[in-house]
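Common to both upcoming complexes is subunit A, partnered first by subunit B, then by subunit C.
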Partner chain A sequence: MLAEVGFIATLLAFVAAGYAIVASILGARRRSERLVLSARNAALLVFPLLLAASGALLIGLTGGRYEISYVWQVTNPSTPSFYRFTALWGSQQGSLLFWNLIMSAFSAAALLLNWHSHRRLMPYVIAYTMATQAFFLALVVFLENPFTRYWATPAGQVIESVFMPAGARAPDPRILAESARGLNPLLRHFGMIIHPPMLYLGFTGFVIPFAFAMAALASGDLSTGWIKATRRWSLVAWLFLGLGLLLGGRWAYDVLGWGGYWGWDPVENAAFLPWLIGTAFIHSVMIQEKRGMLKVWNMFLVIFTFSAVIFGTFATRSGLISSVHSFAQSEIGFPMFAFWAVVTLVSVGLLLWRWNRGELRGEHAFTSLLGREALFVLNNAIFIALFFAIFWGSFGAPILSELFLNTNITLGADYFLQVTPPLFIALYLLMGIAPLSAWSATSLRRLGRALVVPALVTVVFVVVMFVTGTRSAGALFGYGVVAFAGIVALYEIYRGARARREGLHESWLRAVTALFARNRRRYGGYIVHLGITVIGIGVIGSTLFQSETQQTLARGESLALAGYTMRYDDLTFATGEDGRNMTIADVTVSRDGQAIDRLRPRQDLYPEMPMTIAGATSPFPGVDDFYVLLSGWSEDGSTATFKVYFNPLINLVWWGGLLLIAGTLVAAWKDEPLPARASARGRVAGSAEGVA
Partner chain B sequence: MRVLPHLPSPSAKSGRKCLEATYLRSPSLKSGRGSGGGVWLLLTLLFAVLLLSALPVLAQEGGVTEDEVNAVAQRLFCPVCENIPLDVCGTPACLQWRAEIRTQLEQGQTPDEIVTDFVQRFGERVVGTPQDPTLRALSLLTPWLLAGLALVVAVETLLRWRRKQAAAIPAPAAETPLPKDDATYRERIEADLRARR
Partner chain C sequence: MATQASWEKGASGTKIRAVKRGGERLKFMIGGLLILGAVAFLIVSGTLAGAQYFITVDDMLSNERYAGETVRISGVVLGDSIRYDSQNLVIDFTIANIPSQFDDLATALRDAATDPNATRMPVRVEGQVKPDLLQHEAQAILTGSLGDDGVFYATELLLKCPSRFIEGGPEQVAAQADA
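And now, the complex of A and B:
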């Protein structure tokens, strides 16, 4: 019954999405309010239907209904309750259903929140969101159905089907329970529990700006309305995608046991690519809002972002380039490729059609190569270059060499660390210069004057780094460039607060809070820049100065690394609640003869696979990490082999991530309304400017 | 993000095959009692992991340190698992390949020679950038060409827009007295601005 409920709810959601597409298009063409409203109601119905379907699957997962093939694949009787819940996205079919659920939630929220304010766009928004939804629902209903069940045929075969085939019977539940597989051990980690939903939120979130952009193109309403409607949606999607990337990095650092957080794996890159283009889009839309320029480019970027989202999903799930994420492979490759190609071609075609009709002309022209608009265009060009460099290394070169040169190649960290640093340096430089440049026109002299203070502070910062022991010229240059971007952000906040203090005689605290309250987007953006700066410093430190050693120690013996000493104390064996066999080493980390922490690196053995859990500590709270892996041991535990890393500044990556979240939330929050009197004065001034 | 061990691929089909095998071959189908196959599987795996985990301990007995072996292994990808560096790959095959690297180092081969030997045996995909000059050039130059192209297009676009704008600005006309209406407007603006202050 449970499987039938889930399947029928999913099927109904698919039908509702299909109906919404047809009704919304007909409603828009015939200008029928009734049809458009009907389409909206059908689109809104998709969310509760998918909630019911997901609920049915969750009941199956938590209730141990192993006759449902998905439940059998991702849980077994020893799976803890918590992981039964997270098993919803533990494999292909469930994660696709979950993806659909999130997308339907985004669509419903966008329709409800924007219905009245952007009424003209709505029929097309429904059509585009539901077309995407219907495609992903079709995958669930027809290709990757999580509600199929196992049946035993009279011939002794076991087959999968939603409904009972003639003559078949349900298999013995006891045998099903005994043979059930259980959740992939790699997914039994807090980071991996949250990482996929965050990525899905990021990926599916971008469907809203895309649908609004396409609605603007389809309806001919090419004002900045679609950008205003989707600004917060874009920021939210961008934030979740960034969070997903960060949590994925944290998971890799804790679980995968190679001492780092970013391996330039093609599937990691598949999630990073839409984030890069999304970042370019978030910057570029500001120019259209403020100056009515770059209309074609913004459309192109939003199409490109969504196209990258679909491509990333296709690459991850189709096994295009198999990697650590191969648990999500299946036979949905071709339909996804076709969908990606059709979406991209149709969207670009629509954009070119409008462009050709001259309907996307900018309202202003560029006046200065140093104006903020020009710097944003350069920033966009670098993001695009970075996109192509990473895309080429992850997909382009390996696929083309296999197709045309009959050679398999892998472009790994070697390649990415040669190609991407100059582009990142250029991005950080622009991140520092652009905020100091004015909209429209800035002279070199004026920009130079604005740069003096941040540049001097940057020099002081680099000197301090040198004095405190950093001698590598490359590292000093990298720290300087990255710090410059953050210093400019701080300097701008300081300048704004100082102006309020002088003009309105406010305290520093009041001035800063009022500054953020009045222009959350701008100052939230500076906090994001600060976060990216902190992450950059963490990346440089941990990449250039990571040290490692692998040694076998007898009990009581020590090894030394980067000024720290690690002593091997003991080895114990234990069994976890979920049946895993754990081998746990006890080690003591000391510095200058003082014990600073005790770590317990371990290896877990599941029936499916062994897994290494790192024991990491922060000798200097919040910045560096001493990272210990247990690689091997003798049977009696008298000796054990450890791989030990010292990762300087690595925790700044996570601290920077927190700043990035905080800044994005501030930027996405609605600005505090002006007091009535000031507002009225603003209106007067606005009308005066309009007249002028 | 990298994985040490291999991941099983729990696709629907492989899952079904696995279940089918269990269901059809399990003695419990006939007797209706629980199977002991899982216990044997677990014991076998335990034995294998104990054996594998002991390998690094045994391996350190030669003159070459594990750090030296890892320094070479870091430059190579596991020939059987895609995108996983050899120094962190935990499969039995990779443990053997690391042992092989140790032997080659002990025999006096340089790291470059060992890397070349792996490339000759397993192909270009075991290194992070191809060794073949054509493939290497293709891999490393293409992104620069693309990046350069993006920058050239951006700069050219900016310059074109700037030229267009310069051409569009009309020559300054001779100063003429403001018509009466404009003077009225100006007064209104001044009044608005005074109110704003």
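And now, the complex of A and C:
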């Protein structure tokens, strides 16, 4: 029953999405309100149907229904209930269904929340979201079905099918349970539990701005309506994507045991690419809202953000590129590639058509190289340059060399470490300068005056870093540039609060809170800048100053690294809840003779799979991390071998991530309603714009 | 942007504006070209510095030009050959050639590991903890160079084992039970 319910619900969702596409397009062309409403209802039905389908699969997973092949593959009787739940996205088929569920939730929310405010765009929004949805549902229904079951044929073979084939019978559930495989041990980690859903939320979330942009192009309503409607959606998707990337890094750091968090692996890059264009987009839409410029450019950015999302999904799931992440080599590669190509070509074609008709002309021209508009454009250019550099390194060079040079050339981490730092430095500089420049035109002198205080504070910061022991000129330069961006953000908040304090005689606390409440987007943005600064300092410190050692220690012996000593105390053995055999070392880390922390590095051996995982260490107090891997031991535990990394400032990467979340939430929070008269006037203006 | 100029009132004003706009435009164009040039330079120099051939074991051993070069190489791990010295962190194992054309990676890996005629090459990785995925029939992607002693010294080791988690079903177990 369960498998049938799940499959039929998925199939119905596919049919509903297909119907919604047809009905919405017909409704828009024939101006039929009834058809559009019918399309909307069908589109809204997709989410509950997928909820039912995912629910059915979850019941199968938690209830140990091993006749369902997906359940057999990702769980076994010793899987703890928590991981049974997360197994929903533990492998290709389930994660595709889950991806669909999240996307349908976004579509439903956007339809419900924006229905009245952007009525003219809605039929096309339905068509575009549902076209994407229908494609991904088709993958689930026809190619990667999580609801197939195992059946034993009279000939003694086992086959997979959703419905019972004639003459077949269900295999013995006991045998199925005994042979079931279980979740990939690498995926049993906190970061892996949240990382995929966050990434999916980020990826699928961008379908909403994309659909609104396409709706604007298709309907001819090219006012800023689509941007106003999607501002928050973009921020939410952008936040989740960023979180997904951070959690992925955290997972790699904790589980993969090589002492780092970002390896410039093609699949990591594939998820980073939409983030880069998405970031360019959320900056440059501000120019369109404020000045009516860059209309074509913004369309281009939103199209390519979504295109990069689809490409990233394709790269991750098709096994296009050799990578630790290629967890699935499968038949969905070609359809996904075709979908990506079609989406990109159709959208760009639509954009060029409108552009050619002269409907996307800017309302102002650029007047100054130092005006905020120009600096934003420069910021966009750098983001796009980063995008191309990373795309070329991960996909362009390997694919082109294979196609045209008959050899396969790949670009390793060296390439990325050489090409990206100058671009990141340029971004941080702009992040510092742009907030201080004025709209349309700033004279060099005025900009210079605004820069004095932040520049001085930056110099002080660099001197402090020098005095506390950083001697490398490159590192000091990097710290300075990165810190400058954050210092400007803090300075701007301070300036705003000081002005309120002097003008309105408010207390500091009141001035700051009022400042944020009045202009959430701007000051939330500064908090995000601050978060990016903190991350940048962590990245520089941990990349340039990582130190490592490896030693075999007898019980009671110590090793020294970066001013710390680590003593090997004891070795114990234990069995985990999911049946893993753990070998745990107890070590004490001290500095200047004082014990700071006790760490328990361990190795896990999974009996059902010949796989061991060298778990890293518990969180280390402070900004630095002492990262210990247990690599070997004598049977009686008298000696043990450790690989130890000292990663300075690395915890700033995670703390910066928290600031990033907080800032984005502030920026995306609903503004306080305007006074009644102002908002009424706004509405009249808006509708006049819509008619024109 | 030229159309913008005609919005200004008066013929003489238009002319002055147009000249000024033209100058601005030139500035933007020069700035844009400088950025483009700088980025192109970065990417080209990075590509020249970071490019590595990604080759098979057969390529490595049959073509002189790869000798001594840093390359990336792909091969299948032979489980019996894995030796790990956990005291000194030295991993030794042998990889066998995977044909460059195949339909299904898991099958190709299995065939390559069992083919007695496949080219084999010893590998040494130093200073690394034995990775969890280093096991029989895993695909190893190694970065390093071939030493004069015929051993491939890898500085980077990436492993994939698609066969473990993706392929196959309960065929054998169930079929045995039926018999």
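Here, the second predicted complex is superposed on the first by the 653 of 692 C-alpha atoms of A that agree within 3 Å, B and C clash if a C-alpha of one lies under 4 Å from a C-alpha of the other, contacts with A are read in each partner's own complex, and residues count from 1 in each chain.
In this section, a contact is a pair of C-beta atoms (placed from the backbone, for glycine too) under 8 Å apart; a residue touches a chain by one contact, two chains touch by 3 or more.
Bear in mind that the values here come from a model prediction, so they are computed numbers and not experimental data.
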| item | value |
| --- | --- |
| Combined model on subunit A where subunit B meets subunit C, clash or fit | clash |
| Which superposed partner A:S91 touches (first subunit B, second subunit C, both, neither) | both |
| Comparison of subunit B and subunit C by subunit A residues contacted | B |
| Which of subunit B and subunit C A:Q594 touches, first, second, both or neither | neither |
| Touching partner for A:A252 - first (subunit B), second (subunit C), both, neither | first |
| Contacts of A:D414 with subunit B and subunit C, given as first, second, both or neither | both |
| Touched partner set for A:S81, first subunit B, second subunit C, both or neither | neither |
| First, second, both or neither for A:E268, with subunit B first and subunit C second | first |
| Residues of subunit A at both interfaces, subunit B in one complex, subunit C in the other | 69, 72-73, 91-92, 150, 152, 156-158, 160, 171-172, 175-176, 178-179, 181, 184, 186, 257-258, 322-324, 326-327, 329, 365-369, 374, 378, 381-382, 385, 388-389, 392-393, 397, 407-415, 418-419, 423, 550, 552, 609-612, 631-633, 641, 643 |
| Residue ranges of subunit A in contact with subunit C within the complex | 69, 72-73, 91-92, 150, 152, 156-158, 160, 171-172, 175-176, 178-181, 184-186, 257-258, 319, 322-324, 326-329, 361, 365-369, 374, 378, 381-382, 385, 388-389, 392-393, 397-398, 407-416, 418-419, 422-423, 550, 552, 609-614, 629, 631-633, 641, 643 |
| Subunit C residues touching subunit A - in the complex, by the definition given at the top | 1, 3-4, 21, 24, 27-28, 31-32, 35, 38-39, 42-43, 45-47, 49-55, 72, 74, 84, 86-87, 89, 104-106, 127-133, 135, 139, 141, 143, 156, 158-160, 162, 164-166, 169-171, 173-175, 177-179 |
| For the subunit B and subunit A complex, residues of the former touching the latter | 1-12, 15-16, 18-20, 22-24, 26, 28-29, 32, 34-35, 38, 41-42, 45-46, 49-50, 52-57, 60, 65-67, 70, 75, 77, 82-85, 87-88, 90, 123-130, 132, 135, 138-140, 142-144, 146-147, 150-151, 153-155, 157-159, 161-162, 164-165, 168, 185, 188-189, 192-193, 195-196 |
| Interface residues, subunit A side, partner subunit B - complex | 69, 72-74, 91-93, 144, 148, 150, 152, 156-160, 171-172, 174-176, 178-179, 181, 184, 186, 248-249, 251-252, 256-258, 260-263, 265-266, 268, 321-324, 326-327, 329-330, 365-369, 374, 377-378, 380-382, 384-386, 388-389, 392-393, 396-397, 401, 405, 407-415, 418-419, 423, 548-552, 581, 583, 603, 605, 607-612, 631-635, 639-641, 643, 681, 684-685, 687-688, 691-692 |
